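These notes concern the structure reproduced below.
The chains carry the letters A, B, C and D, assigned in the order they are written, with residues numbered from 1 in each.
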Amino acid sequence: MGNIHGHLFRISTFGESHGPGIGVVIDGCPPRVPFDLQFLQSELARRRPGQSDLTTARKEADAVEILSGVSTDNLTLGSPIALLIRNTDQRPSAYKEMQKAYRPSHADFTYDAKYGIRAVEGGGRASARETAARVAAGAVAKTVLHHACGAKIVAWVESVQDIRMPEPSKLPTEKSVEANLCRCPHPATATRIEARIREARAEGDSVGGVIRCVITGLPAGLGEPVFDRLEADLAKAMLSLPATKGFEIGSGFAGTLLRGSQHNDAFVKRSGRIRTTTNRSGGIQGGISNGEDIDFRIAFKPTATVLRPQTTVEKSGKATEISARGRHDPCVLPRAVPIVEAMAALVLVDHWMRDRAQNASFGKCGRTR
Amino acid sequence: MGNIHGHLFRISTFGESHGPGIGVVIDGCPPRVPFDLQFLQSELARRRPGQSDLTTARKEADAVEILSGVSTDNLTLGSPIALLIRNTDQRPSAYKEMQKAYRPSHADFTYDAKYGIRAVEGGGRASARETAARVAAGAVAKTVLHHACGAKIVAWVESVQDIRMPEPSKLPTEKSVEANLCRCPHPATATRIEARIREARAEGDSVGGVIRCVITGLPAGLGEPVFDRLEADLAKAMLSLPATKGFEIGSGFAGTLLRGSQHNDAFVKRSGRIRTTTNRSGGIQGGISNGEDIDFRIAFKPTATVLRPQTTVEKSGKATEISARGRHDPCVLPRAVPIVEAMAALVLVDHWMRDRAQNASFGKCGRTR
Amino acid sequence: MGNIHGHLFRISTFGESHGPGIGVVIDGCPPRVPFDLQFLQSELARRRPGQSDLTTARKEADAVEILSGVSTDNLTLGSPIALLIRNTDQRPSAYKEMQKAYRPSHADFTYDAKYGIRAVEGGGRASARETAARVAAGAVAKTVLHHACGAKIVAWVESVQDIRMPEPSKLPTEKSVEANLCRCPHPATATRIEARIREARAEGDSVGGVIRCVITGLPAGLGEPVFDRLEADLAKAMLSLPATKGFEIGSGFAGTLLRGSQHNDAFVKRSGRIRTTTNRSGGIQGGISNGEDIDFRIAFKPTATVLRPQTTVEKSGKATEISARGRHDPCVLPRAVPIVEAMAALVLVDHWMRDRAQNASFGKCGRTR
Amino acid sequence: MGNIHGHLFRISTFGESHGPGIGVVIDGCPPRVPFDLQFLQSELARRRPGQSDLTTARKEADAVEILSGVSTDNLTLGSPIALLIRNTDQRPSAYKEMQKAYRPSHADFTYDAKYGIRAVEGGGRASARETAARVAAGAVAKTVLHHACGAKIVAWVESVQDIRMPEPSKLPTEKSVEANLCRCPHPATATRIEARIREARAEGDSVGGVIRCVITGLPAGLGEPVFDRLEADLAKAMLSLPATKGFEIGSGFAGTLLRGSQHNDAFVKRSGRIRTTTNRSGGIQGGISNGEDIDFRIAFKPTATVLRPQTTVEKSGKATEISARGRHDPCVLPRAVPIVEAMAALVLVDHWMRDRAQNASFGKCGRTR
């Protein structure tokens, strides 16, 4: 359980870090949407290991094979789209120590506690490698979203440890995010962040930080009251990512310092649309989008894998020491940027479909044969 | 959509703020669990409006009628448990202005944008009154959880604006939380928080803050990999509450400042169990509980309803001014404490059931009749 | 579990036969649909006990209280619609014998086997009384369906035991179905069926039969491939009704006698639409509606409650004899007609919503703000 | 949508008839269950095309590749099990005519009506080839079921057209079913059925019939009240199979001819268990298994593909004639036997998991680690 996401745009992911491959089946994708394999591969390239000296050295081409759901002229068929990414650069031998001892702050112990069995190599299902399947599905979701309502998603690294970029005067573009290795669109901050990551790597250590994500062009009316609020589903999607420890939207934790009279977003009419003058709500009110930018942040802890000896126990409980030997990222944030965008896209497409199922006008949207 | 929560312990809530009543149907509750109506009412009393001068003056007894699912000797039957709470203190006249103008940072506009219709009085379905149904269902979930594994949930107000209690040396008890009106277990901080809330109320304004929640006694192994991680479902549950803007677990946003070597929780064996020496993971690793305390925080914004004139628009977009007249809370946090606990209980029971469906041993747990 | 139906138009039912009442919460109903309480009550009146000497003598007004989800001017709000029907004519004393002994072909034994507890009176949750909640929800579904695509559902009693009406030359109308007590639209057959039911009642016995249901005006394109085929969901909905033993669509079991060349439905163009010349498919091909009439039959066994002494056992396994004393129907079919229609409506609305979520055109159906 | 089955043992299938391959992802499989690839392949061999002159000539080895979810020592990991079957014998050229004209009683027209696009070759997603994925998943479900409660499933061909085997004096074994090409365990009837199928094939025609399925050894207590009754879920599973037109359980349609006093199954105690003397209920009462044999039948129509010219229309509505050229089965029943068993296994495992989630004892079944 737990490997299926979405109520209408449903993805089912599979795969272990060092098994034959990982992949995803998308059920519920609207038909006749252009399937852009090149775009999908470019999204995967942003998440790919080995893309720079800031990331793990594991080499994976992450070439996608389309197993189903796409027509010969590259349109979605409405049937399940199955995508397979073969694992190629496995080094199971690097994980022999993990067989015996539990890596601190990894999922080795909890998988054993839950299942009584685990795929040891590379963390098996618990490896961040599974997120490649999310990015693949997210690329399809982004395409649907683009055709559905033109919404755009951009995420970036806002801070690593205490190095934090200043509040941008205008929304960063994907180009500015991709302009440097660490995916921070503020060049001066990026330089410092990259130095910090290299420093941590050199010392066999790791660092964490905060990713910010903004969605523009989303119409008002997406989301649900009560349990499936749009921010609730975004929070779940983000906290489902490996290494995440927090989520905040709009004013977030800092908003708790304000008074209501300072915090409220006043309504005005602008360019024929009802807008708000400020956006402390983060684009969502009462669980439903209000047409302003969706704006949220996610906290990522420092990578659990460090190359220093750490105190731990074997399965029996016997005390021991462990030093990581598998390849790893000294900082997950640069590669997490496209993953955050992918999860956001998956949530939004699902809510877009839910909304039109219930709320699209009858006369206009009923089937006309 | 959006009014059903849970995969196995499924609750379906209903009701508008000023309609006949609100309620919940629980489907999937294990049978033969003692149904403790007195406990349920005491939980509702903690959430009840009008409980002190810190809260809204609306008077609601919140008396629960059991419509189904409980045997004559007060055991759950395994069939749906339907609970109904009548609304009694409605004053729809207080909401006439809301008919025309959108209250800033409320859901008036987004409901109109989504549904093209809304129940104006008291915010209708968007009112926090719906959370009474969550508390009622949560009380049942707490009882099941108690019998299932003895886990206990305690939440409290940690801060209001910049007034923050010191880190407690030991876990606050429910008794210490309930010892004062604002549900902050640190008496000196509580006094200051209460003064701050009264000050905001006197000025027709409102304040926000942070609630912390800790779950003890939960066995290792609950949660799911990938999408339905335990912290992801907790984050969703908490962000589904009105007025929430953020969620963090374990080290949270502050954890992004640390290095991996500082952040990791070392494993040790203690009292025959594998434990961690620190708990920056917040009791969850790889999405699955590790047997340590689950420990998270939720940010609540200042209440959107303020008694000062605010700039807004009418449905047509015409600029206008609005001043709240409906009764409201100057700070939602004191009453939100039992709601946070209820949502946590609902998430945990659901995961407890999911876990034993998949992972309980066959020989021991298969039906033997 | 098991008390929730539908993926988008979701109903959650509750209630025991002799508890305070039964009811339903509908989540996902489109907004701004006229809510016709009078129609809803008229549908319930068709299912009501005590409507004639062919049915149980239990007297229930089945008056519906609307608890939520409907505006003051009788439009659906898009929020959950909760409907409550109080039980009024309970006679728990009539069920004392059932406390000890299991009634043959009832659910007394299986509920005990599953839950280890049961509401004895009237069969508790297993009573056909729960179907009133289905009819109430079905009335709302029928209204939505009418506004969505104009589809109409009509069901009738086709046979009781070996008394079977001839194949009608044209589709029976609801009026012709309601023209007699047993809801068989062929008057001569109806007379014989009513006599047969009275004969069974007089002898303390019961009879079963076949209900046929036809849906007209449904557009082509509703349904799903593979698991959620339209006929599969209809079959599930019908087999979820008490006392049902079989389902067949189109040519059904008799179709197994034909050859493919005889069975296939040839396509032709008629009145600008692609049609079939015959309808052995029953309006569904590959799980998806083809625009022809949906046409299916359901087998209902003779009522399990008979007033004759029957061999059975007590909970301990001790042999005993039991004679029914509770009021009951000598034949469930006349009252089952509106229930069949209700379940069909629930399935169709759900599929209509699923279809437009995935397949409505983007340009036409996207939200336009 | 519609390509995911199950609530806890969840399978997500994919693949078109003439695409790269078909497959399934199983989410929720209990861990540490022996994964028997040989058994899985043997189940697929029973469904495989080209297995005899009674079936289509398409040659597919149906060799399964395990992509994930199984440990190196062949135990399930609790993570998703992904299985891929490559298509090898595609002849898309055979389907050129289908591009233009709709095959009668196939899904060509309805897929176009729903999706506005379709994979023409071999019917794409609508091809019965998708059922290989069901059989693969069903083999895993059978294994789980065996370890969970020892239940066994056996299905067989009971009739083809009017040729019907006599009621067996004892339950047919899988061996007796597999003893002949048409999977009818009564040798004399099998001979006649095979002749009938060959006759139809020789004449370019097709035939249908009835499959019966019996499940033994299932404990009492599986199933749910109201919507997810065990027979309802079985009916849905069976009607989700291509070419099915009917389902009946226990006494079925014939049971409608009896009186209640004749139809009821008397309870007795036998060998320490509460049993019934007859089994007109088909092993299910009130939607829940009673420990007797589950016993149901499914009607399969004659294959829609016939080699004779048939009247139909092109997409434009223009009248035309079509003759099948693709390879096909003159009778689907022999190959449908393992598919019926697979679907039954999937339903039962899901209900077994649902039941123990809600109803297994607390003390015994709670996690003890």
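Note that a contact is a pair of C-beta atoms (placed from the backbone, for glycine too) under 8 Å apart; a residue touches a chain by one contact, two chains touch by 3 or more.
These figures come from a predicted structure and were not determined experimentally.
For the pairs B-C and A-B, the larger set of C-beta contacts lies at A-B.
Set against the Cα centre of chain D, the chain with the most distant centre is B.
Separating the CA-averaged centres of chain B and chain C is a span of 38 Å. Between chain A and chain B the centroid-to-centroid distance comes to 26 Å (mean Cα coordinates, whole Å). For chain A, residues touching at least two other chains, in rising order: 1-4, 7-8, 13, 28, 31, 78-79, 113-116, 125, 220-222, 225, 291, 354-355, 357-359, 369. Within the complex formed with chain A, the residues of chain D that make contact are 1-4, 8, 10, 12-16, 19-23, 25, 27-28, 31-32, 65-69, 71, 75, 77-82, 84, 113-119, 124-125, 369.
Chain C makes touch with chain D in their complex at residues 1-5, 7, 13, 102, 104-107, 109-111, 113-116, 125-126, 130, 159-162, 200, 205-210, 220-229, 231-240, 242, 244-253, 255-269, 272, 274, 276-277, 280-282, 284-291, 299-306, 308, 310-313, 317-319, 354-355, 358-359.
Chain A contributes residues 7-8, 28-31, 78-79, 147-149, 219-222, 225, 273, 291, 353-360, 362, 364-369 to its touches with chain C in the complex.
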